[in-house]
Amino acid sequence: MRDTVLLLAMNGLIWGLIIALIALGLSVIFGLLDIINIAHGDFFMVGTVLAWFSLSATGNFWVGFIVAPVIGFFIGAVIQRLVIQPIHGAAALSIVATFGLSLILQETVRITFGATPRRMLAPIQGTIPLFGVDYEIYRLFAALIALLALAGFFLFLQHTKLGVWMRAVRHDRETAVAMGIPAQRVYVLTFGTGFALAAFGGAVAAPITTVDFRGGVDVLPFCFMAVIIGGLGNLPGTVAAAVLLSFLEGLIQSVADPTVARISSLVLMSAVLLLRPQGLFQGFTK
Amino acid sequence: MSEPVLRTEGLTKRFGGLIAVDNLSISLASRRIHAIVGPNGAGKTTFFNLLSGLLRPDSGRVLFRGQDITGRRPHEISRLGIKRTLQVKSVFPQLSVAENLWITRQARSRFLHPFRSAASDLEAKSQVERTLDQIGLAGLAARPAGTLSYGDVAMLEIGMAVISEPSLLLLDEPTCGMSPAETNRAVAKIRDLAQTIDIVIIEHDMDVVFGIADDITVLAQGAILASGSPAEIADDERVREAYLGRPEDEDFVEEAAHA
Amino acid sequence: MTRRSIEIGVAVAFSAFLIAVPWLVPALTDTFWVSVITEILIWSLFAASANLLLGYVGLLSFGQALYFGFGMYGVALGIDNLGLSFWPAFGLGIISAMAMALVSGVFAVRLSWHYFAIITVVFSLIFYFLAVSMKPLTGGDDGVNFSLPPVFHFGRTVWSLTDPTFQYFFVLAVVSVCYFLMYRVIKSPLGKGFVAIRDNDLRASLIGLNVYVLRLIAFVMAGFLAGVSGALFAFFGRYASASYMFYQVSGEAVVWTIVGGAGTMFGPLVGTTLFIVIREIVSSHWEHHSLIVGLLAILAVIFAPKGIVGLWNGWMTRLDERDAAASAQLKLQAEP
């Protein structure tokens, strides 16, 4: 019994780190572009599929870690330019647009990849004894990669030109434009970055979960939970919320149905929305 | 001297570390047009926001004809008879001009009938027509309000304020953005209204202020700098320094004050 | 041809068509299409519930499937578990949908619009998962089936919804009543109040409208429409399933509404018709019809954001203006 609790809790923690990456992408899009991106879970799913294709094409798993975010970035940028920009990011219209996008992504994957879910073999097999439990090495490795990616992203935001631009435009669009920051280009690159983050998360997660054209549907609500509970625009908060929520769900799952775990997260999210919409983690401002 | 129409006691509003309205105690007499002036950031619009319920004060009270209305919500305050216009003119852009007036009239009643046809309310309809004539927008009645010029929107706002038969009207820079001709028209309208309605007006156009105000209060940094009749304000040293400053303005103010 | 005459002509032709469907359609194509049209009518009510909120009050709800689900399960469980007959079950479905809308609306309507959209999804997801976990009762995603009690007794004759023609007319009648109610509300002072709030909620509160209460009223009305739609759906298929409470179903209602024309009376009907017809036609040849739905949705928001009915209204207005200019011309010429 204790083994299961530990196992599920650790799974939750690690999954939370991966979700944090994806949720970060959503937070960046939501925070900067004001768009409720219904397709974000599908961005993750596309990442898993890209990882799968690059593995079968090259025989090398690690290639996926590059292919997924790069292609994801490109697709995201194109989508922003072709779809989001013409509607000027208008509220209800962008939701419909991202909803349409979600359908297109799912169906395209279904056509090219097929409807049957597949499993990907982890590149690193084997387990390691950890806290008395035999734990899959790849999961630990995935957690490490996710951590590195998260750290890398925050460094990117602080130190690169694009990162600074993104923060400036989110903070105060008009001043940023007045100071010569090309806002439109930042939007394109932001959307691309959001896709890339989710796709990278997908590539990392692929061996842990299934590669399935419906794989994004479950991830989407979770990402929104992390973004809301963490606080809109609060990137570290989103990460913390993702990890915490996933960890908690893991714990609950050891004593109850996964559905119950999901319901409790949703109820928590409702409470946050109603009582403290700025999120639970204050103090971490942009 | 009748009861002041509006009185505040120690009204204070802070935004973070910034004090927008600082312990403001002001008394506005009835049946006189009262102007609130002051440099940008003096707290004038914040003051109006506090009066109309869009903001809650951190401390202090607001009394309307002796009744404490502190902390009431905007639509409640509106129902009591206090109507205001906004600094950035805003109406209902997708409704027609006539419909804008119509819904303002309808909003007075607590209950909006869900099934009766709107067109069957003849009393409202005649009121709308009368107001349209009053503000001179009868020709534009069917146009969506969002397509109007800025000056016409401002007149529509005044019309909306009027049709609701307010007992106190708060006008926030009503002539802002108007052409000289439109300004004259608006000023004439405001003078007209002042005969039956108590009016408080925020204005930057000193011509307008000295032209219609009976009392002037000058705000600076959220507090009262000076208060009195136009002549007193024009002669006040502190006001000149803080607000007017330039010699051309002095002459101009003297002329306007003694006109 | 004036705008008025065109619109009257269309209305008459359309009504005539609707009445003739059970005989006209099988003559032209397949009887199958009669039930498709019945389904379109049912789902158009669902889209109308999203439209009432989005198009008239300015609230984007992504969770109307919740109230649809309550209507659906109210009927299914009412008949199956509580042994109710037709009308009480129908009533149960509608009332429970409205009650749920009231309860969730009290909380949701306080929020500004991004958070409102999100919380409507969250509420519907909570109940979706609840329904899935209570599988013995609800059948989860697989759903429950039930047999239908008859509707009308006339001495010894019995009319029941198993007769497709009667079913069609019953649905048509209910849907028409709902549309009529919507029409009255939109034209009423309440409806104008809704639109004022949509256009400028700050101004609305300043003229004395209680924005919160009006939004809540609209939310319950939309819950009513979704509930009726769900109840009809349960009767139509003799089936109820939790999968219809998922957010993608809510999303489809929004898409149909916007493509058809948000803020118009018949936009939801047009949008629903378009998408369901496409689904039926395409899916018999190609299984990836969702791709077309997605593409259409995107094309619509980029090129026709006011929707099909919006475009129509635009053309009609231009027609009006042209007529007005023409008659002004005539007036000038007539003067000596």
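Going in written order, the chains are labelled A, B and C, and every chain counts its residues from 1.
Note that a residue touches a chain if its C-beta (ideal position, glycine included) is under 8 Å from a C-beta of that chain, and two chains touch if they have at least 3 such contacts.
Everything numeric here is computed off the predicted structure, so don't read it as measured data.
J.: Find out how few touching-chain steps suffice to connect chain B with chain C.
T.: 1
J.: Going by CA means, which chain is nearest the middle of everything shown?
T.: When every chain is reduced to its C-alpha mean, the one closest to the whole-protein mean is C.
J.: Which chain's mean C-alpha position is the greatest distance from chain A's?
T.: Chain centre farthest from chain A's centre: B.
J.: Would you kindly tell me how far, in whole Å, the mean C-alpha position of chain C lies from that of chain B?
T.: Distance between chain centres: 43 Å.
J.: Determine the centre-to-centre distance between chain A and chain B, using the mean Cα coordinates as centres, and give it in whole Å.
T.: Going by mean C-alpha positions, chain A sits 49 Å from chain B.
J.: Could you state the distance in Å from the CA-based centre of chain A to that of chain C?
T.: Result: the chain centres lie 33 Å from each other.
J.: Which positions in chain A touch two or more other chains at once?
T.: Residues of chain A touching two or more partner chains: there are none.
J.: Spell out the part of chain C that touches chain B in their complex, as residue ranges.
T.: My answer: residues 181, 184-185, 187-193, 195-196, 198-200, 202-211, 214, 217.
J.: Where on chain C does chain A make contact in their complex?
T.: 54, 60, 62, 107, 110-111, 113-115, 117-119, 121-123, 125-126, 129-130, 132-133, 247-248, 251, 254-255, 258-259, 262, 288, 290-291, 293-298, 300-302, 305
J.: Where on chain B does chain C make contact in their complex?
T.: 52, 54, 73-75, 78-79, 83-84, 86, 90-95, 99, 102-104, 106-108, 112-119, 121, 160, 164
J.: Could you please specify the touching residues of chain A with respect to chain C in the complex?
T.: 34, 36, 38, 83, 86-87, 90-97, 99-104, 106-108, 110-111, 217, 221, 224, 228, 257, 259-260, 262-263, 266-267, 269-270, 273-274, 277
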